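Take a look at the structures below.
Two complexes, one shared chain (subunit A), two partners (subunit B, subunit C).
Here is the complex of A and B:
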């Protein structure tokens, strides 16, 4: 009896492929979490470290590329193999993809309060021991690199928003150019008066979710509110929350003193230019506004730019924090060398350059108290005054979800599609389950 | 018998060779398509949020069931429907109109056809940046032109008002995709014998009759193809939204289509399990829409040819 002739049928081929594919997936896919190859203990300070590191930064600080990397290499003997700067708005997704793939291409990444919380909670950032923190670092600046009592990096600059005004515009409008508005009422009155000649008195950047969040949060703090209570219960629909939304809507729709382009401007760098080119009279912005507004090519100068505390609604002032720092990837194979970079970035050497060349506030105690700092960056005086008032950012693992949902209701309220109370109630209802999901 | 077995040997040899020749392509497809797709299916069966690593677990079809009651997903689905309505029907109608026009003999026809290809040759991201600059509320040329013509008396914030932004998005997509669709229509029109039109004219058929009774039936296959590819592209639209809205899908979520929501869920919220379920649902949606066009237009084609 002849042996049955076996032919390779299409069905058999497909079946085999499915089995093979399933086996491959089962073997390779591990959605349940990352491998345990990376060390998980807090990183201690190290003495000598060598080797090479790669850094992925945002495009805020060019001082590193323009000399500080060379200094670092000379001081430590560590080679910076790759230093890449990328647009801030593109970095989050890039980091997320990199970390999810347990990619060790970059040892050091730029971070801020939201990402420190998010990536820290995901277990993607290397925790740093409290003992490893340099004594010179200003402690409040550590908020940018901390979450839930753990420190995931070191700050590279401090940043809080203050008010900048165009003294020439003030003078022409019959306002005192040397004294900015001291309260929200004075600010609104000034902004209305300054809205003339096809120019708006006030402009802000709420064109994307992060911007909408920042502008709302700042106003809420100026109303004397808090975004969460001590148990992390959201307070969006609190009196202060609704009042904050109302104040923004009134400024835009009733007083018509806010540039409508504010709803389209997506980042502080664009806002900085609007002010520096004399296209608006008042902005609430980060400290680098000063350096851009006083540099060559700007229509403003050190003599024509005023700076002061943000005008409060129910409090004298308050502000939001925008400090940035560096963190170490948990998947880095050069953690000791990476730690040296973090220490270098927060050291007096780097801080002097960041303050003097770029106009950000220092995170080094020594540099903050140096008279040369005040001379190079007069707005440091306002920064020091602002420390008497509430300054928050509330970086949390759910920051992106919050930014997104809040921006929807802020935009609807600003466009008159929702009443402020309605917008905040809806935002509160959407945020509560999200917070519960992460903390519950 | 010897001949038969000889043929079998040759056939087996051919089959082996064919398998060998197809192996590199099959492996490449497996690596680039089957594996990611399988991985996405596996992920979609998990509750997997990177920010809650301890909560990771297999949930079966729960993510898919969640989609059915997810207001944000359903709203994005409706938004995708509106977007598709304009880009699919509008795009194909525009392409047929332009194709017929560019198929007529006129001076400069060749130049017009070449110019038509320019938007198609522009990279999608550049296309997005271009329209973002054109529709910029403060400095955009769109406002300058409209104000000069007296159509508007103030600078319109095109990318700050939800309905207007959706309009800009539709416009940018049509600009990008219409050239390709038109090119396909022109190619198809050229295969219709001119003698048919001449005969129809002799029989007294007017322009509209020739268009409806000759051009359109002869374009049926092409139109079906265009409806299918344009539907697929419109459901999957991403790059234009990303560039026009700065990666937010705003304002007020107005341009967050299903595909963009899947991106936000996966990469912004790091909810990879739920994001994967959305992606698989989108894939199914594309397959269903494709099957719909094939069934509807295919059946009508058969009825017409009887």
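Here is the complex of A and C:
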């Protein structure tokens, strides 16, 4: 544990308390950003760096503590004084507290699209110059560490949802096991046929606010829609928004091809299990679905799991992004060394381990093109194809508030308590003032 | 006829009352019972359709795993130390302060009592950053001492309030008699007042322990890996993409057991203490 150090001032005490109190009660931090804590300029490319750094990560990746930190220290001569892995759900409040207290204990923190936007806008993350970005990094993966045209970090892995299907179920239902549905119509028809033997053709995870948002957003993108226009005006009640909601409701209530448990499943790992145990035939999920579905103990295997692009409604395909990255705290006292860590995490050395040991998609071009990657993780092929289509997450400073309000209306619509149009109109009306509050 | 009707009414009323109590108990116990079920069955059994409750699948493996895992034992030890130390500190200081407020008339005593409760009305979230900065600058961040001092600051006012009402219910004449027999102020407190307010003292101590033992928010903000407590460790079984239900449920049961045991052992004192404190003597 590094010894935190800053000078205690009455201003820090009072200001910090007010900022965090108000911010956390609102679900996010400083709506309009804070000018006095704004980043003092983008970090340029670093040359030599040394000294020590401390890193606060979530518990998604084990490869760093299991050897990559040693490699980093050997390669750079920089000492990782402290590498702490914490529960993702605890990190937001810890970060907000540390930043509000202008704490320099950690130089590098884990981030994703929502936090990059929230903490970036608040001026608590160090902006990185476009010139400092490694040329090997896959550009779309930068979405997880960017907000409002500024880059606040580097990605550590890419995660894009693709479609997984059970080939055995397909064969038994008289469907071609080697070719997944190519369009939403084909998907619905297949899911209906596969709903048999006390099993549903399709299952998803919309049991909590984040899940409801992700499932809705994915369908909206598959309908060819955009969640915001270029001025950040929400488009929930647009044609695509209403169509997306209607498609989900129809799948559940009209076609009865979606497992009702979908409304209770709260995270991707549960969905992974449902599929791996052969309890559903089609899921749209993150890449680690593959490793779980093909590991020992699963009722599926590499031979029986099919993988392909998500089937579109008005477009061929689209997907949502769940990538993670690292950012540098604005209060870090060794930003040059911190930048070295970011570069290392996105480099071929680290990416090889992340792909082969943990089954996430790489953010390094070199590793993406490497045949060994495809051999270790066959679903990478689908990821490569998916880069031709829209993949978004829309991480914003108001992500938490959007998740909450949208999930209420998505659930009402799914349960028949609101018509899709009514649900989207209500969600739009609730979201507009929230966006206005943040963007002014 | 009317006697029969009265008896029937009485029986119906009694049955309805017992039914209502049964429903209430079921409602209160169900979450804990479900947590126990989740901790002793493999998650695949509970995710199957329909769920499988085959007694042959019952297992205590997760308990054995957690109770032999150093990364779980350290938070357990931390919670026990913090809970016990906070309780001792709060009861020691709280009893003395409450006795002073109850027995001595001094200017501002009631204002002091009220202001202590006002502090309780401030949401912990507002105090999170100042507390973090304080702890950091005094070198107490991620230490058990820092956590004990923080909890004591939050719990002490409530302890004082509760103890004042218990002390108020003890007749002053008993103390006067003890004073005549040669007891000093502290002697009176130790030999007369505290023994007589035993149930209230126990109830308050248990309240202090449970509050410190089960806190999540402040522990999350003020600790790292060294002073991590059991509730924070339990929450860590939920990740961004995954949730280990069996481990979380097992940790939940382990966290709840000491509180449950304390409540059962001290049930009589708690009830007695609460009722004693409710009326002044």
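The rule is simple: the second predicted complex is superposed on the first by the 401 of 440 C-alpha atoms of A that agree within 3 Å, B and C clash if a C-alpha of one lies under 4 Å from a C-alpha of the other, contacts with A are read in each partner's own complex, and residues count from 1 in each chain.
What we mean here is this: contacts are C-beta pairs under 8 Å (C-beta built on N, C-alpha and C of every residue); 3 or more make two chains touch, one makes a residue touch a chain.
For clarity, every value in this text was computed on a predicted model and none was experimentally measured.
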Regarding the shared-chain residue A:100, is it in contact with subunit B (first), subunit C (second), both, or neither? both
Kindly classify A:286 by the partners it touches after superposition: subunit B alone (first), subunit C alone (second), both, or neither? second
For A:407, is the partner it touches subunit B (first), subunit C (second), both, or none of the two (neither)? first
Does subunit B (first) or subunit C (second) touch A:88, or do both, or does neither? second
One more residue to check, A:266. First (subunit B), second (subunit C), both or neither? both
Per the definitions at the top, what is the overlap between the subunit A residues touching subunit B and those touching subunit C? 8, 17, 21, 24-25, 89-90, 93, 97, 100, 266-267, 274, 279
Which of the residues in subunit B come into contact with subunit A in the complex? 15, 19, 30, 34-35, 38-39, 42-43, 46, 48, 50-53, 56-57, 136-138, 155, 157, 159-162, 245-248, 250-253, 264, 267-270, 272-273
Given the complex, residues on subunit A that touch subunit C span 1, 3-8, 12-14, 16-21, 24-25, 58-60, 84, 86-90, 93-94, 97-98, 100-101, 103, 105, 112, 198, 266-270, 273-274, 277, 279, 286, 288, 322, 324
Over in the complex, which subunit A residues touch subunit B? Could you list them? 8, 17, 21-22, 24-25, 29, 31-34, 89-90, 92-93, 96-97, 99-100, 118, 121-124, 207-209, 259-261, 263-264, 266-267, 274, 279, 397-398, 400-401, 404, 407-409, 411-412, 415, 417, 437-438
Which subunit C residues qualify as touching subunit A in the complex? 43-44, 47-49, 123, 125-130, 132-134, 136-137, 139, 141-142, 217, 220-221, 224-226, 232, 235-243
